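Consider the two complexes below, in which chain A is the common component and chain B and chain C are the respective partners.
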Partner chain A sequence: MRDNLRIRMGWLHEWVGFVGGLILVITFTAGSLALFDTELTRWMQPELSRYTPAPMTDQALNEVGTLAAEMRSEGANAFITLPTPRDPIIRIQHFDGHAFVGSAYRPDTAFPVATRQTGGGQLFFDLHHSLYYGPFWGNMLTEIAAIGLLVAVGSGVVIHFRSIFTDLLLFRPFASKTRAFMDAHILAGILFLPFMVMMAYTGAVIHAPRLFPMFGGNHHGRPGHERPQQTAHSQHTHTPRTEADDAPAAAPLAPMFHQAEDVFGTGTIGLVLFDHGKVSMTKADSASFAITRDHLEFSETDGTLLKTVRAPDTLHRLGGTLRGLHFIRWAPLPLRWLYFLSGLVGSAMMSGGLVLFLMKHRNQKAGRFDFRLAETLTIAVTTGLPLACLAYLWANRLIWSDIQFRSGIEVRVFFGVWAFSVAHAAWRSFSGRSKQGWNEQCFLFAAFALALLPLDLLTRSMNSFFNGLDVYKAVDLTVIGLGTLAFLIHRRLATP
Partner chain B sequence: MIVIAALALWFVALSFHALLQAKLCRIMALPVLPHLPLHLGRLVLPLVALWLCLRLGTVPGVLTWFGTASVAGIIASLALTAISLRQPGRRNLGDRTADAL
Partner chain C sequence: MRKSISYKKGDSFARVWTLRLILGAGASYALAMGVLSLFRHFGSEAMLVVGFLCAFALMPGIVLVLFCFPSQRAHGRTTGRSLKTLAIVPLAAILSIAGVQ
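Moving on, here comes the complex of A and B:
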């Protein structure tokens, strides 16, 4: 009976794991990078390396508020992000359908910093939660994949239940290749089980309204009637602008900001949103563990306080807590690194699972089209995606900084390289040399990753080079570490 | 600092756990070690790590505790694997053990 259950669970784990795994490797890789989306955006705006952080002044906030109001009067759906320790600069941003883009200003003088246009780390955020496929179908796919992960984890635990504690640290690279891959898959799966379950569960719950739209008209815990969602769809079909929207702000923002800080605490306000003649001083996601988007609403014309909006009930607070656990924007740097490492190991674990699936079916089905297709897709997500991410960073530094539609071109490079990796994987797989496909992509990744540091040094100001570890060096060193790992895998694959 | 200390404590605790497993001792060609200190270490060190992590605050502490356990597990496994690879004749034993599973 017990073995029968294990066999059935094995079948479930294998097929749900493979189909879901193709999406989940993308989700976990992109999610790990999205943990440092702000830092990656800064890396991708090397002009900011010349900037030294300064505290925000009231005058600067008021001036940026006037600029934002002018942009809004010209039809842009602009809002302001205030300086945080992670991004110590004021930005006026708008949603371009996939990412929040805009201009940067010094927080002490409101002097514009001429940064290049880029989607930055937000590409990975979009890829993580919707596969760059829009808020409906994309979210739906990742949502279903998250549920698939929970099924795969549950069935995996049943399969290995008998040896789950005794073999907790068992890894035998000297055994057969299948056994070594299986050990690595189980090792990472069990050790990171709490992380996987927590991320899959919170991720599924956050986007649950996509699967069950009949149970609520809002999303992300934000009542739909209070602030329309800024989505690709809403960009084109937003409500008609009123006269109050179009008029430049009459009231200065600084008094509103201080009033909001009095209510929510010093250093907690992160967003200034504008909507139908109202200004919302909104709590930053990093201000507390639960993301509730509490805010104070002011009249845009005279700055009088209209209302204080807090999470209305326990259900919304619970939703905020789950989002806080998933996004961890509140967390200190060491914890974000732990999440990052856990995400990467999760991605590697699922990649190992995909390879095990191919190993199992290779003997009987190696010549079949569907097997070759599965192998192509596996290569594309395991090595092709990291290659595309790296190409995105390279494109950021090599494309002219003042070219029009720059952020769109960077994204096209990302998808272009990914498409190239799919084509390369298909060529190698359908010609029966899939190992070479993996090997070549690993080598390409290693070569370009190890050369990223010189590229960074050549394409940005070196004023702050000896000022200790900053985001630029952190990104370079992390990529070098990943490149070294890819090179070791390449060496291993090259060994007959 | 707390994160590094928690990582170290988990590393030792998980290594003790591994040394209590006959299969792993066989692979690493280690003699059977006295069980009581290993059992005690396996039990106490994670609690010390938890106490340390909770100094960061309840929620960050618990998340850090779980996170350091996972990362320390990978490090411990790699260290044990390195030890087992240094043992002469481990390759054959590893294969046999693998087949027996």
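Moving on, here comes the complex of A and C:
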């Protein structure tokens, strides 16, 4: 073996890419799905398919405010999300340790909509940023993996620097499997390099205090020195409750809402948060490019304006801009789809890299335990994870809608199927038939994905079936597309 | 079975590179902490976000720079001494943090 720059970088790319890739495939797949977390939550609440959007009335807001205050007096850390074009309904939510769950209300009458209890798309959000492993260790692992991605991208660029333009034009899908995988890996890597670097970099900076706990604090560009407590994607905090917290709100919310709209603009208020006798009318994340959580604070008892909180300067806005770039809550639907496709391509590119790693080492190390373990883990993240995601959707429609701890059962089905796929992968890999393991999981995914549309049609109201493309059909068709792709891969794997 | 010279050499390279990766990761973390301390000391809490941006650009950069150096000297021995020298980097960073604080 010679020792030159390309070989050293190749070794670095190979090992950092493989170890980090096992986590990054999960992060990218879950992140892509989390882009449509609101839409997935709506798909997973089929009762909402009968609901027709209506504008929010003051009376409805006040009534929902009273309900939220009652819940808070019973000890729930409730807050209100206001209707948006993506989710045109009022929700009272609380954090259950992993997801924001709660009840839905019609924005015109405050009449409750009986929806099933589900974590919805937020499972993928949690999986994306902390691997469902808690805010400390889970976040830290994804942080380290993000740095690993930056190292792998850097080393990959050095390896292919001489032929970077020819690689852009080179894709031989019908050449040998190694060649085809390598071409696809390089092509996707080069084309989506800016996206992947941007996502890894902004993602790492957003959660930086997890990796550097000694430097935690007000780094996100959020105004004030305290972290918001019940915001849509922040962590659960255990602040001591006071009597002021527990007292039902005396002041109606509608005047506060209108006052906040006068300051921040019509249609910009997305969250109503309650904290220590104060009500915060907070700007929706989708209201501007930078997520700054500007808000107006009111007294909960008499509704007087206490203060207006905005990001004071450019430095404070910088953190919000990074969040805006990463989460793209401000973006129109086409851009969201572009992010989704880029994320999936990134995930496929990394999966290709994992497969290439195994191909390279198979000849020399095929019989070794560590190689079999690596193969098992690769199968588990490349085909097992999509299978688990699909099982989550199936479980949502098949489990009784009024069963207790329903959202927890759905999550257990998700992890149960994933564990099953790991066991299946280990069985196939350690018995020397790993290709069959991949093949069977691909086939299973294809079969259940193609059957999702009939399941959807059978388990929800068909009133709006001919009303054009809605969120239900969009999810069904996307899953059918992915299922078709899995079937094609299955056919390709089946050929000798 | 006898292993070829190339195989054994490959093994030795892998050991050196693994050590380099581990030390590089440690060094980059310590240096990032140094950078963040500087930002907090000379700037404000709000400046930390710029510090994080610099730290996350620096960390992969350091690992890549470390892998730019050859692991073999002219007469063929792996550079164990240069790896030991590398351990000075985190020490310097820790001293700089201590100095700043």
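Going forward, the second predicted complex is superposed on the first by the 471 of 496 C-alpha atoms of A that agree within 3 Å, B and C clash if a C-alpha of one lies under 4 Å from a C-alpha of the other, contacts with A are read in each partner's own complex, and residues count from 1 in each chain.
Operating definition for what follows: a contact is a pair of C-beta atoms (placed from the backbone, for glycine too) under 8 Å apart; a residue touches a chain by one contact, two chains touch by 3 or more.
As the structure is a computational prediction, the values presented were derived from the model and not from experiment.
Enquirer: A:313 in the overlay: touching chain B, chain C, both, or neither? Say first, second, both or neither.
Expert: In the superposed model, A:313 contacts chain C only, not chain B.
Enquirer: Looking at A:194, would you say it contacts chain B, chain C, both, or neither? Reply first, second, both or neither.
Expert: The first partner, chain B, only.
Enquirer: Check the residue A:271 against both partner chains and state whether it touches chain B (first), chain C (second), both, or neither.
Expert: Once the two structures are laid over each other on A, A:271 reaches no partner at all.
Enquirer: Classify the contacts of A:154 with the two partner chains as first (chain B alone), second (chain C alone), both, or neither.
Expert: In the superposition, A:154 contacts chain C only.
Enquirer: Using the touch definition from the top, say if A:19 reaches chain B (first), chain C (second), both or neither.
Expert: Neither chain B nor chain C is touched by A:19.
Enquirer: Taking the superposition as given, does A:76 touch the first partner, chain B, the second, chain C, both, or neither?
Expert: After superposing on A, A:76 lies clear of both chain B and chain C.
Enquirer: Between chain B and chain C, whom does A:3 touch in the aligned arrangement: first, second, both, or neither?
Expert: Only chain C is touched by A:3; chain B is not.
Enquirer: So, does A:170 touch the first partner chain B, the second partner chain C, both, or neither?
Expert: So A:170 only meets chain B here.
Enquirer: Which residues would you name on chain A as touching chain B in one complex and chain C in the other?
Expert: The overlap between the chain B and chain C interfaces on chain A is empty, containing no residue.
Enquirer: Would you tell me which residues of chain A are touching chain B in their complex?
Expert: Residues in contact with chain B: 165-176, 179, 187-188, 191-192, 194-195, 289, 325, 328, 331-332, 334-335, 338-339, 341-342, 345.
Enquirer: Chain A touches which residues of chain C in the complex?
Expert: Against chain A, the touching part of chain C is residues 6, 9-10, 13-14, 17, 21, 32-33, 36, 40, 44-53, 55-57, 59-61, 63-64, 67-68, 70-72.
Enquirer: For chain A, which residues are in contact with chain C within the complex?
Expert: Per the stated touch rule, the residues are 1, 3-5, 8-9, 11-12, 15-16, 146-147, 150-151, 154-155, 158, 201, 204-205, 208, 212, 214-215, 217-221, 225, 313, 315-316, 318-319, 322.
Enquirer: Flag every residue of chain B that touches chain A in the complex, lowest number first.
Expert: Interface residues on chain B, with respect to chain A: 3, 14, 17-18, 21, 23-24, 27, 56, 59-60, 63-64, 66-71, 73-74, 76-78, 80-81, 84-85, 90-91, 94-95, 97-98, 101.
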